[in-house]
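The following pair of complexes shares a single chain, subunit A, combined with subunit B in the former and subunit C in the latter.
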Partner chain A sequence: MVENLVLGIGVTALAGALATVAGAAEDTESDIGSQGDPNSQVQLAPQMGYIHRIFNKAVSGEPPAYGLWCALGAGVAWAFMAINLNAILALIVGAAVAVFVQGVYATTAYLGRTASLAKFEQPVYIDILKSVTTVTMAHAFVAIFTTISMCYLMVAALGHPFPLPLLGLVWGIALGAAGSATGNPFYGKERQYQEQKFGAGVPISASGNIVRYAEAGERSSLDNGWFTSKLAGPASGLCFGLIVFFELWRTVLFEPFAGGWGAVIAGVVVILIFMVIDRFIETWARTTFGPYTEAAAAEPEEATS
Partner chain B sequence: MSALGGAAAGGEGINPTASVIGIVILLVALGITFFIASTGGAIALIGIIIGGALIGFGVHFVPVGGAPAAMGQAPGIATGVAMLAAGAGLAGLFGGAWAAELGFAVALGAGAVGGGLMMAITCMMVNVIYVFGMGIPSASGKVDKDPITGDTFPEYKSQGTEGHGLPFISYVGGVIGGTLGGLGGTLIYVELLAVYEAALPVIYNAPLEEILPVAVSLAGIFAVGMFLVNAVLTAYNITGTIEGPHDPKFKRFPRAIIASAVASAVCGMVAIMVVAL
Partner chain C sequence: MSVKVEVSEGGVPHDRIMAIGIVGSLVAIYLTYLNVLTGTQIFSFFGGIGAVFAIWWGTDSIKTLCSYGIGTGVPSAGMISLGSGVIAMLLATKLGVAAPIGLVIIAAVLGVILGFLSDKVLNMNIPVMIRQLTELTIVGALILLGFASMATGSFAFIDMITGTTTFFGIEVATYSASLIGGSIIAVIFMLGGIAIQHPFNACLGPNESQDRTQMCAAECGFLSMIAVAVMSFAFLSVSAAMLGLLVAFIGWIYTYNEYIKLSKRDAYDWLDAKPIREPKGGA
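Up next, the complex of A and B:
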């Protein structure tokens, strides 16, 4: 009993760590490839006369895209495990196959979406296709491999009833949802509109005027990955890691109590704790930054310039 | 008034003709299921319909800002309605399916809490990014005062935007939406699992223990599929973005519940027919 519990807690910690890496890699991949909602500005920019060299691969929303890739990776891995291939090797092969599909989607999405902007004189840059696609694939491999490894732990060590491919679909969608929710604002506001004022939203009138130049030459999507991996990536990783960890932790540790209701009560308590933290963050921001009134406007601008 | 929202498409009322046609389709689906799969199948279908309606209702609570939120131009979470709701609901389904062997009520509770937990963490991290990464406080664009905390918003909206971040009412809405999504998804799963556990051993002439992985997989796949059907259907009702329960678009939920119930009835009928025919 105690050994099972210790094993369960260890697996929970490992799954949480894998999820953290997955979240960070997923967000960085989507920022380099420009897959999330901020890509609307990448698509809009040439239409407003701003020609750029940013990658443009919004295949679909991040959740269904990662749902597909993780389900594919988990499905291939599951098939190889069924013929008694070593589990780690099967997971690597599964992730590799899924990454090739991701690469195909990324290539066709960049070519198709950029070609559709031809009438606005936006060129298709072949060097971008060569240099950025492989980088997104590398990040996608990390995200997919860690996610399906986490799913494998849930099945093999924790005994979840879902088969591996279904868990890949479920957690792939959750991964995309967590990563896009947390990482998108930082990529959209702080990177694409870096020249706008810090501490305020982008005025609607500035839409499409994304930053297109770097310290030397034109900005590349690889620069965006470098920038967002400093906060958006780790924050997305923390988000997905916390979700997976607490989802498993409350079940592994508290399900034996009160006929299963222990896990439910623990979940409610954790929700309430996060609610209090959120409220603290909200009030902290209001008191620290102050309102955007005439009198208070000068102070935050000076503090951030 | 709004450069982002534009005119509301489709209005907010219920179309009586469409609703009557929908309810007739629902009743026909229920009748066919009762005729082919007897009372057990019909009761399971009613559970599936309730689950679908819960998902449709729950999605309206989830604060989704889409692309404008990613630029800090509008409040909410910077992703799509259906996507976020699916992420939360499926995380709930994961927990519900895990607890399915402990009984109906525990499974539903575990599913609901799983969805709520996913949203609680995600919404908190959204505010972490907005506040600590971008220096932007939360402000609603739809109401001047938070109905829960009483915080005022107009002076906290930066120039040229409709608001940004996640005010507390939106946070609570997100948690409620995730909870309802997880509850609905798990209800669909549990009902389908009961149908398959009863039917598959007879079809394959094998003990339940051998058939259980097939039943779990089939019920899980159908539950995920029906979740996505209901989430996407509701996203069409919302048309773009919604801030949460305080958003005027929230009042559109009755017609989404009707649509979700009808879609769930038809999908549920097909899912039950897989083993009943």
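Up next, the complex of A and C:
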């Protein structure tokens, strides 16, 4: 019993660590490709007269896209395990096939979107296609491989009743959602709009006016990856890692209580605690950094200074 | 319905695409029945061809639906198509030889109900909503049946819930090693759902052209077919799975090349390692 519990906690910690890596890689990948909500500004820029050299990877929202990559990776791994291939090898083959599909989707999205903007004189830069696609594929491989390995741990070590591909789908969607919600604001609001005043938001007049030139030369999507891998990636990793860790931790520890309801109650308690923490951080951040409350009084002073 | 369907200039009318899609898909899926008649698994790849036809048709349906200003709803349209299609597909697989035909009828009924609910009850008021949701439900169901029959070699429900595993050298039939028991159907769901929405989502913009979008649809279809062919190694003989992989690969390479050519044709310029050319500064 105790040994089972210790094994369960160990697997939980390992799965949480894998998820942290997955979250960090996923967010960096989507930022390099300009997927998710920052994509709308990249798409809009040429229409407002701002020709750019940023990748435009409009596959779909990140949750469905990562739902597919991880489900596909897990599905191929499941199929190869069914014909008795070694589990680790099967996971690698699965992630490789999924990354191939991801890379192809990335190229067709860039070519399609850019060719459809011919009216606004936005050319297709095929060097972007060659240099950036491979970098997003590498990050996607890390994200997919860690996620499906985590799913395999749940099935093989914790005895999860779902088959591997279904877990891949569920956790892939969760991974995409975590990266999209946590990491993208760093790219969309901080990196694309560095020329705007901090906290100014994106007024209509600034729509599409994204940063296109770098400190030296022209900004490439790889610079965006470099920028967001500093804070946005780790923040997404922490988010997804905590989700996976708490999800497994509450199940491993509290499932024996109250006929399984113990885990449900523990989950509700964890959510409530996080709601309190979130609320506290939000109010603290707004009073410390936010211009919202003092905007009316402070604005004329700032204009003169 | 007498709604004017918007197509790009010089394009093929949507009705013709629908006719080609439904006939091509049904014929190809029925060709997998040759497996049963000849007692082999070699004809399984026809299921994938059927799914490619369905994806090709579904892309134009999504385009018609989303030309009513549903920009961010493009991926959602793919999801509802496969989500409603899976119900029709599972029900139809119980019909034996009549499964593909029965699937179209069941999916059409289901699609009309869903279309009515979203158009009239939820008051979305999009003129083509009922027709396009009906089409998309049929498309989703055909994609699932096509890929499922490609993976298992049959479109019968019993073959989708039984798989064989080798247990100490003895082959045992189990539910957990089957297409549905192993949730490979969930992977097919996502492969179809993303493939059907991606072409229009990727090519949308003022210079969207129909032949390029439709070529992208065929490319996405063959790409999904490659993935299904890889997974079919778990269910089919090695030769049948290899043949499926080969057909999918040839189809994908051809359509991908054509798509790049069409993108080059439509692009404003095709540059390699060149700086930004500002539109007002000359260019």
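Convention: the second predicted complex is superposed on the first by the 287 of 305 C-alpha atoms of A that agree within 3 Å, B and C clash if a C-alpha of one lies under 4 Å from a C-alpha of the other, contacts with A are read in each partner's own complex, and residues count from 1 in each chain.
Here, contacts are C-beta pairs under 8 Å (C-beta built on N, C-alpha and C of every residue); 3 or more make two chains touch, one makes a residue touch a chain.
Predicted model only: the values in this text are computed from it and were never measured.
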- request: Could you let me know whether more residues of subunit A are touched by subunit B or by subunit C?
  value: B
Task: Check the residue A:62 against both partner chains and state whether it touches subunit B (first), subunit C (second), both, or neither.
output: first
- prompt: Just subunit B (first), just subunit C (second), both, or neither: which does A:169 touch?
  reply: both
Query: First (subunit B), second (subunit C), both or neither: which does A:143 touch?
result: neither
Task: Scan A:281 for contacts with subunit B and subunit C and give back first, second, both or neither.
output: first
Message: Tell me the contact category for A:92 with respect to subunit B and subunit C: first, second, both or neither.
response: neither
Touching partner for A:11 - first (subunit B), second (subunit C), both, neither: neither
- request: Examine A:111 and indicate which partner it touches, taking first as subunit B and second as subunit C; both and neither are also allowed.
  value: second
- request: Based on the superposed arrangement, let me know which partner A:32 touches: subunit B (first), subunit C (second), both, or neither?
  value: neither
- request: Check subunit A for residues that touch subunit B in one structure and subunit C in the other, and list them.
  value: 61, 64, 162-163, 166, 169
Task: Going by the contact rule at the top, pick out the subunit B residues touching subunit A in the complex.
output: 3-4, 66-73, 77-80, 82-84, 86-88, 90-91, 93-95, 97-103, 106, 109-110, 112-114, 116-118, 120-138, 149, 151, 155-168, 171-172, 175, 212-213, 216-217, 220-221, 224
In the complex, subunit A residues that touch subunit C: 49, 51-53, 58-61, 64-65, 67-68, 71-72, 74-76, 78-80, 82-84, 97, 101, 104-105, 108-109, 111-127, 162-166, 168-169, 212, 218
Complex interface listing, subunit A residues touching subunit B: 36-38, 40-41, 61-64, 160-163, 166-167, 169-171, 173-174, 176-178, 180-190, 192-193, 198-207, 231-232, 235-236, 238-239, 242-243, 246-247, 250-251, 255, 259-261, 263-264, 267-268, 270-271, 274-275, 277-279, 281-282, 284-286, 289, 291-293, 300, 304
Message: Give the list of subunit C residues in touch with subunit A in this complex.
response: 74-75, 78-79, 163, 165-166, 176-177, 181-184, 186-187, 190-191, 193-194, 197-199, 201-208, 212-213, 216, 219-220, 223-224, 226-227, 230-234, 256, 259-260, 262-264, 266-280, 283
